[in-house]
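Some notes on the structure that comes next.
The letters A, B, C and D name the chains in turn, as written, and every chain counts its residues from 1.
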Amino acid sequence: MNIKYIAKKTGTLIITLLIVSFLSFLAFQIIPGDAALSKLGTAATAEKAEALRQEMGLNQPVLVRYGRWLADFVRGDMGTSYSYSMPVREMIGSKLPITLAITMISFLMILILSVPLGLLAGKHEGKSLDRALTVVNQIVMSVPGFFLGILITYLFGLVLKWFVPGGYISYTESFSGFLIYLIPPCIAIALPKCAMGVKMLRGSVIQELQSDYVRTAISRGCRENTVLYRHVLRNALIPVLTFWAMTIADIVAGSIIIEQVFTIPGLGTMLITSISNRDYPVVQCIIVLIAGLVVIVNFIVDLLYRRIDPRITGQ
Amino acid sequence: MLEIKHLTISFYDSPVPDVVLSDFSMTMEPGEILGIVGESGSGKTMMALALMGLLKKTARIESGEILWMGKDLLRASEEELRSLRGNEISMIFQEPMTSLNPVLPVGMQVEESLKIHTDMGKEERKKKALEMMKAAELPNPGELYHKYPHQLSGGMRQRVMIASALVLNPRVMIADEPTTALDVTIQAEILKLLQKINREKKTAILFISHDLGVVRKLCDRALVMHQGVTVEQGNIESLFESPKEDYTRKLLSSIPTRETRLRRRKLHE
Amino acid sequence: MSDTVVLEVRHMNSFYKDPGQKRQQVLKDVSFVVHQGEILGLVGESGCGKSTLSKAILGFVKDYEGEIIHHTKNPQMVFQDPFSSLNPGKKIGWILEEPLRHNSRAGKAERRQQVENMIERVGLTRDYLERYPRELSGGQRQRVSIAISLIQGSRFIIADEPVSALDVTIQKQIMELMISLQEEMGLSYLFISHDLNVIYQMCDRVIVMKDGQIVEEGEIEEVYSHPKHPYTKQLLESSMEW
Amino acid sequence: MKRKERNYNLILGGCLAALMIAFMVVGLFYTPYDPDAMSGPSKFAGPSLQHLFGCDHFGRDIFSRVLTGSGTTFFVAVSTIVIGGGIGTLAGAFTGYFGGWLDEILMRINDAVASFPSILLALVFISILGPGKYNVILALGVIFIPSFARIVRSEFISNKEKDYVKSARLMGASHVRIMFVHILPNVVPTLLSAIAIGFNNAVLAEAGMSYLGIGVQPPDASLGRMLAESQTYLSRAPWCAVFPGLTVILLVLGFGLLSDGLQKGRGSVSCWR
């Protein structure tokens, strides 16, 4: 029934992806210095550099180069790393599952924790339970994820010895060991975001509880919980949905830092090394991938919005 | 049927409690239309909300009784109150747009009371809801059943509210300024509908309004309120024809009518 | 009775474009005049185009066809919602003085004098000048709105549902104030309302609008006792009956 | 009318934020020890009266280093807010007030930029500009423009629709006067709250980037870098991590509460980063 709407949204999605990838591409074209020079390193001479520029197509207009790069990218050729002289695709391919796993686990943690707590706090607004939660929330929210990571490493890794800091287990070795090792870093990412999620949902529930339709529901004889779950929850989730979409993007960004704390060799670690090495093809590829992820998440949220809120029409 | 005795309500929003309703008493008989008239801040809405148990947390009932069939609702358990709401007493509000849940289809909201208070099956509920929507003079109930509130006009939304309030055939319906947000022509239709319902279903209506003209035409009896105090009460005729209190007189003389005018007209030829 | 005209509206058409939807005509060939010293009522239900019309007359809406000719300087407006028509962050005195800062060469003391005179003219005392809008009641704010519209010496005022948000007793006071000012100063009003009784009490002539068109126009008594258009009849009946 | 309840968020947040600002400003001018002076004997010394926060692996006084580090953080955060908030407010005011196609285009760009995590965008900037204090300021400043622009714009749009703006037009006030004399003062509470959150985001972003080694570079001291260095000696000297971390937490907590307090009673749940 909504095929037209979805088709329209998909069209917008593709255009956005094109723009975002073009901007990312462009950003790395204006880097001071010359890709050919950085690739040649100390062996650079004027002639060699010129020849390499020809070979790499650096003398052609930006749009042509973008088109070529995009075509290659879509075909799976994501360029070659300057530092390691190996295809970026291979380098990234093995790291991507790690970052994806971190993102998914953290996001699940956030959902599982923040929805019940947010509802609970909102329902009991002003009571001691809500006040205690709010205070804890406010403090947890202020802890930077990487510092939380350090604290967790110290307390649970070094003092309690529940896990071995730095003892990363690759998913090719043992998948369960891999997942277990990811739990502490995911907690470090999830907790502050979770606190924000609770705050958002609490605020949203409180606001919705004051609305007129709640009064109507009570006047029909609804129980408190029926009011909360049948009437309020769906309305309260509408503003929180945007927050969740942003959270996924934030988790990916947060994982870049947390990977450093727990020495996990994921995309983030590679991104940081590549930035320090000025290994632009790798940096560019990772940025484009993350940007793509953000755009796609927003696309999904848009579709979800329409499912949850009948007022949104497909204009 | 319904009797309120010496009801006093205060708000505790500020350090000094604010009395919004003081020593309010009234009775209501089955099948009558009782009007409560007053300007903003007269406490008329607070009284209705207290009746339904819908007061804000910062409001407190200081004293008094609300007797329903002889039983004091203020001392009743939450469960007992709940079984009355939507079943014996129901309510419609001023803003039909915000009073309906925006994310639920209209049909579901009309039949919600049935779901709560009866053990009717899905089909039976739907049948009853459609019947009620028809009684509320909604065109095309079958189609409207699946629509959402934002797809309806203001007048239709208020009809949906009325249908949902009457679906269990309650003894009393409280109508809090039900036509204030509507255009004159729509207002007239809704008021006619209320009158028809009162006549056909014998539903008593507690009609709260600031509009004396409407109260005069619709109600059997009325109460005039001012700043939380009942100024005067009685049947419509005596209240409007021979008001005893100054405030009532002032209120009556302020209504814009077509019998008086405030200035001499200028004529252009 | 002078026949000087203060406002002419000729063959006005206005369109509204919904994003993605078709163009809708909000005003259809609307023409009328307001005479010096008269109160012209404009009645209609929500969506009939009255607010577009008033906005266009004051230049807030520029997207229209036709002619709007003012024969007075500085036409002003009294708004419906007294809570939003006064800047919440400024004192009444500051707000009242603002038009003088732009339009008069008077010095500070002189401006202050004018402001004080005006606030008393609309039935408030000088100490209101030091208050914020939120400290005033609806009726008092509407008095301030009227003062603002008059302080520049305007002779023509559009009053857009000026008493609709008020309680009846306050409503009457504001209507009486508007009438006494009108008589003293020889003002002309375009008085917009949805309440036929209010229009009846205030106005000399009335225009009935429906779906962007003027369906009936004439002297109050004539229109109210012998309505010609079926819509006018329906309106009158709805409000008579209730 | 109501709202007599005490605004604890505002009081507590205000005090904490003021305390932290004082701490950071002091850090710009004064430290009890030279933050870079190494000392063999006090290597890994625990917290004591001489060294309140203890010493690190070079025997440097952590209290002094936290002071200068916070000073740097303060400088970066304030400069970021000045750039982002200043340009963002102007852009938001003009686009919100006038609307039109320029507004459309700017908001599309805004939406796109704002849906990306600021750290990620900062990484892109840094990978292009190179690390360092001023590049961090530039990167964060530019990245924060859209958030401010969006907030100010939506406030201007909702104010623009109010009758008092029409009334001001009828009074003869010019557009610029309406924007900055009539509307802007009503936007200030929201703007202050946004500034508090923006400050927090700047602090967190700077700390994160410095932790990764691509933010503030030595010799500038920075809390993030201290945290990164402390990790190697975590089991031996946890205080090397705890005190810089605690400083960041208190800072963020203070400004977070402040922002909440400023927003209280305004009904909006902030969704901002």
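Quick note on the criterion: a contact is a pair of C-beta atoms (placed from the backbone, for glycine too) under 8 Å apart; a residue touches a chain by one contact, two chains touch by 3 or more.
Only a predicted model underlies this, so the values are computations on that prediction, with no experimental measurement involved.
J.: Please give the intersection of the contact partners of subunit B with those of subunit D.
T.: Per touch definition, common to subunit B and subunit D: A, C.
J.: Quick one: point me to the chain whose Cα centre is farthest from that of subunit D.
T.: B
J.: Between A-D and C-D, flag the pair that has more C-beta pairs in contact.
T.: By number of C-beta pairs in contact, A-D is the larger.
J.: Where the CA atoms of subunit A average out and where those of subunit C average out, how many Å apart are those spots?
T.: Roughly 54 Å, centre to centre.
J.: Could you tell me the distance, in whole angstrom, between the mean C-alpha positions of subunit A and subunit D?
T.: Averaging C-alpha atoms per chain gives centres 22 Å apart.
J.: Just curious, how far off is subunit D from subunit C if you go by their C-alpha centres, in Å?
T.: 48
J.: Roughly how far is subunit A from subunit B, going centre to centre by Cα mean, in whole Å?
T.: 51
J.: Return the residues of subunit D touching two or more other chains; collapse runs of consecutive numbers into ranges.
T.: Residues of subunit D never touch two or more of the other chains.
J.: Residue numbers in subunit A touching 2 or more other chains?
T.: Correct list: empty.
J.: Please list all residues of subunit C that touch 2 or more other chains.
T.: none
J.: With touch defined as at the start, can you tell me which subunit D residues reach subunit A in the complex?
T.: My answer: residues 112, 115-120, 123-124, 126-128, 200, 204, 207-208, 211-214, 227-228, 230-231, 234-235, 238, 241, 245, 248-250, 252-253, 256-257, 260, 267, 269, 271, 273.
J.: Write out the stretch or stretches of subunit C touching subunit B in their complex.
T.: Those residues of subunit C that touch subunit B are 1, 3, 35, 37-38, 45-46, 167-172, 175-176, 179, 182-183, 194-198, 200-205, 219-221, 224, 234-235, 237-242.
J.: Flag every residue of subunit A that touches subunit B in the complex, lowest number first.
T.: 126, 211-213, 215-223, 226, 230-231, 234-235, 238, 308-311
J.: Would you pull the subunit A residues touching subunit D in the complex into a rising list?
T.: For this pair, the touching residues of subunit A are 16, 19-20, 24, 27-28, 30-32, 138-139, 141-144, 146-147, 150-151, 153-154, 158, 165, 199-200, 203-204, 207, 239, 242-243, 245-246, 249-250, 252-254, 256-257, 260-261, 271-272, 274-276, 278, 280, 283, 287, 290-291, 294-295, 298.
J.: If we count contacts the way the header does, which residues on subunit B are in touch with subunit A in the complex?
T.: Spelled out, the residues of subunit B in touch with subunit A are 52-54, 57, 82-87, 90-91, 93, 95, 98-105, 109, 112-113, 116-117, 148, 150, 161, 164-165.
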